[in-house]
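Each chain carries a letter (A, B, C, D and E) given by its place in the written order, and its residues are counted from 1.
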């Protein structure tokens, strides 16, 4: 589904991603972790064209992604993204947040879009919030709406950028639960997170990044018990200490 | 990695965006298109005016900028008018700042009548057009207090802008945290001392950029005093037009002079704004 | 042949006929034109304009315009002809064309009594004497010619300059008789008409866009005819020498 | 009342004394030194008058002017909003050419006195436009029709329609610069995340603007736009300089005809004050109410 | 020095201080504690006229304090106040912060004011920071400057409103040390604080407030070991737990 080869990305003179190679297959769940500023967000933002790489190849679902590519809008409809800050549309109700994409982008009828939307609201366990505005929801509920919004586009790949790090502790689990259920449906997922419990439960590949490079790619058993790199070990110790 | 930054990537080169897009997005092309469009507009208006039977007489304009007479070099009406405009604006601005400070302090004083008067003044001034205010000052208050057109125009501008300035000052003063007031009080300072040594020195930084913007605004408003024949740039312009009937040439010249002056000031303002934004 | 045809088909007379309306530019200037108590326009110009339209067999439309924009407005086609007590000056004539005069009015000095007590005519020509006049109006030109050393201030409106003299902000202004006499009678304590002589009898004329001989010919003949019939004189006397219309206006 | 008096402190009394002295002086000098016959009794007749010819009440100069001012303000407000939205969007455009063009227009308008702008626009733009569209002839055609009440209701005397149009255009062009800046600020106040979220569900740039950015931006810009509308009403007085028959111009005419300088200008100022002040109160109240929701 | 009788204070309809009675003698050190919102700040702000009481009597140093009293400015010169947020004047250097009061209010010559100032800077152990601006100092240093600023006015009573609660843990001690030294000089002090270690060391009277009332006044030995009110006990337990 996602094939990254030799990818490099610069912000001006700052080398944000260095020679990244990564392959994600259909149905695979990849969890990316690493210290702050290591380029995790930058990488997954490249995956749906919110950032552009400067060289190398990035092929998603058979479509080559590059700046100005025509197919980029089609691609984005296949690749959903959930942000740390939810980014719900505050002027629309929850239901409208979910239907606006299908209706305006996919040109699906309102009735049908609403049906799908209610379906996915059920899936994220908040069917009763359909007519509220985002500001009236808790953070956890908002994040679940954001997940449902992506799902409504019938995406085949979901990207998550620290979906729980802006949440209060009580709400983290509501969101993680939904994500675990989602993983069980066989969705392809790339998740940036520091929730190692979640990673253990769901991931089939762990990726560790540092300073714009991928330092380690390994299955979770190995990653957590016996990481090959020293930095990774240090990082895990720090995280798991808390 | 190479130390040349961008030239460093090792991967294959990317497919390039379409040629037309790169072409239109590049800076020199953008500037060229921009120049062409502006040129077309300028030419269009030139030709349009000519088409309606107007004879452009730009060659008659320089005499109003400067003259070389037997006596020697001599400034024309337009530079003289510009100097008058600047003089008028500066005087009015100083007065407006003083009035504005008075109103802002009254408003903040907590005095019952004081703040009511300040608010009444503000609302009154803010809801009457400048032109009407000018007529009021000149035709109504002028004879009563016996001031001439120059005083009337300065007062009008000062009063009108004092309302705006007082809001700027008030915002600047309110931007200072209450802790500063309390600290000053707790070392025994009087309200006057607190303003003088603690509040005003700190709020100047908040006020400086909008106040400079207000100078630009005032220079623009000053053009309106031409309706009561006060000697300044627009008045001279209108007088020249009534003598020569070269409306278009003179109006464009005048506009250009204002544009240059206020642009210089505006650029200064944005520099100030940037400087203080970094400081914060 | 075709050139002359082109010329006459472009004449303003042609557009007036086509539109069935003559548009006349004017600026309020008592008693040439003014608003009466009903808010309607009355005055000498209005009589002239209506009669003109009647003789042409078209409707008339008056376009009140601020005085210092009246020539640009004519040039840019806001109306067909200026009939607004505009006297012929060389400078103006460089920009627009004038017909033969349709009125001759003399200007008299209106002075503030206390400021000008005992001043002779030549005393007015001093830098510390302030004249006021409407920007671009005939008095402004005449004052500049006759009193080159005096200070001259220009206003947009006629009433404003009289008020200046009344308030003692200026020594004198100049206006077409009988306005000065009437003003002096209304404020006998403050205003005087110190001298009998009249300035500038050169006459007021219609203003036209340049390059229109047909219109010129038509208007000149119309004016000549009205002079001959005495109609112009009669109307001029009514507005300038009588006071019959005074109660229509809140003067 | 007792309470109120108790709250007064000595500077309050000082201020009151100063105000009394100020207005007292004005009163005395009008009565004494000034050479002026007040004729306030004539003013109401110039608002609504009894027509001596037609034997009926009619809207006289002030009211005509006020209605014209309001008409012009509404039309140019709408036009300025449309133009300003384009300008604001252009200011945020990705294309440098468009940004520079918008910026040029804006800087020109912001840095040249309104008086000068009004004259230039009038002679250069609106006049040409009216000629090009042959509006004059069209309007006169309507003015000659029997049933033109609807037109008259919306546009006043149809013979003056071109002058109304040029006033509206000039004012709208002038205000659009300020509206544009307000819209731009509104657009830029929308967090980047909103645009990214829109893009990540596959919206095109136009859809992003139409469904996500503008609806949110518009909500934020309503209060500053309301204030700008009040400014617009005030700025419309400058149109008197290009002979548009609005309130200020009518007052100038009245003063030229009747010499009631003081009464006429004070009345006009009062009209503007009433309109602008009550609007600002209404807007403030509406804003508060919508905040509560 | 401070005599409070029957003092009541309202914010609008909210009864912030209820029937307060308290006496502080020369040289006494009073520590006030109590839950958030109980009116501690309000009380000591009344002591130097930053707030006005609505009824009752407040006599400080023989001067009766009430709204609009003429002597209030003289009083403030006798009563120093140290705030939680330091409230240093950011546009003045440390030295200027210390000298502006004496120079402008007491009309003392610049040279003399600077001498005193440097003296007190020594006392709070930061003589070397005289020419810096407040923003260039750490929180602890800033708070010590604030204390020195009050001392420069040669005050005879010092009020402290949670002087350490905005500080990082490492800095709390620097400030408390200075306060202990100050207490040793015999200064009359009223301190609102939750630093019970400091209270134990310095206080000769403990005051516990709750809901605008003084619930308990007792010497520290009794206060910490055997408080007479139940609430006070609960509060102490909570605080000392940490």
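Here is the rule we go by: a residue touches a chain if its C-beta (ideal position, glycine included) is under 8 Å from a C-beta of that chain, and two chains touch if they have at least 3 such contacts.
Here is each chain with its UniProt name: A, E = Amino acid ABC transporter ATP-binding protein; B, D = Amino acid ABC transporter permease.
No experiment lies behind these values; they were computed from the predicted model shown.
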Where chain B and chain C overlap in contact partners, by chain label: D
Of C-D and A-D, pair with higher C-beta contact tally: C-D
Farthest chain (mean CA position) relative to chain D: E
Distance from chain D to chain C - Cα centre to Cα centre, in angstrom: 33
Distance between chain centroids, defined by C-alpha means - chain B, chain E (Å): 49
Centre-of-Cα separation between chain D and chain B, whole angstrom: 20
Multi-partner residues of chain C (at least 2 other chains): 69, 72, 76-77, 156, 160, 163, 167
Multi-partner residues of chain D (each touching 2 or more other chains): 34, 119, 123, 131, 240-241, 261
Chain A: positions in contact with at least two other chains: none
List of chain C residues in touch with chain B within their complex: 68-69, 71-72, 75-77, 91-92, 94-96, 132, 135-136, 140, 153-156, 160, 163, 167, 169, 209-211
For the chain D and chain A complex, residues of the former touching the latter: 191, 193-194, 196-204, 207, 211-212, 215-216, 219
Contacting residues of chain C [partner chain D, same complex]: 19, 21, 28-30, 34-39, 61, 63-66, 69, 72-73, 76-78, 156-160, 162-163, 166-167, 187, 189-190, 249-251
Residues of chain D defined as touching chain C within the complex: 34-35, 39, 42, 45-46, 49, 51-53, 58, 60-61, 64, 119, 123, 127, 131, 136-137, 140, 159, 163, 240-243, 245, 249, 252-261
Parts of chain B lying in touch with chain D, wherever the complex brings them together: 24-25, 27, 30-31, 33-34, 37-38, 45, 48-49, 52, 106, 109, 111-114, 117, 123-124, 126-133, 135-136, 139-141, 143-145, 216, 219-224, 226-227, 234, 237, 247-248, 251-252, 254-255, 258-259, 262-263, 266
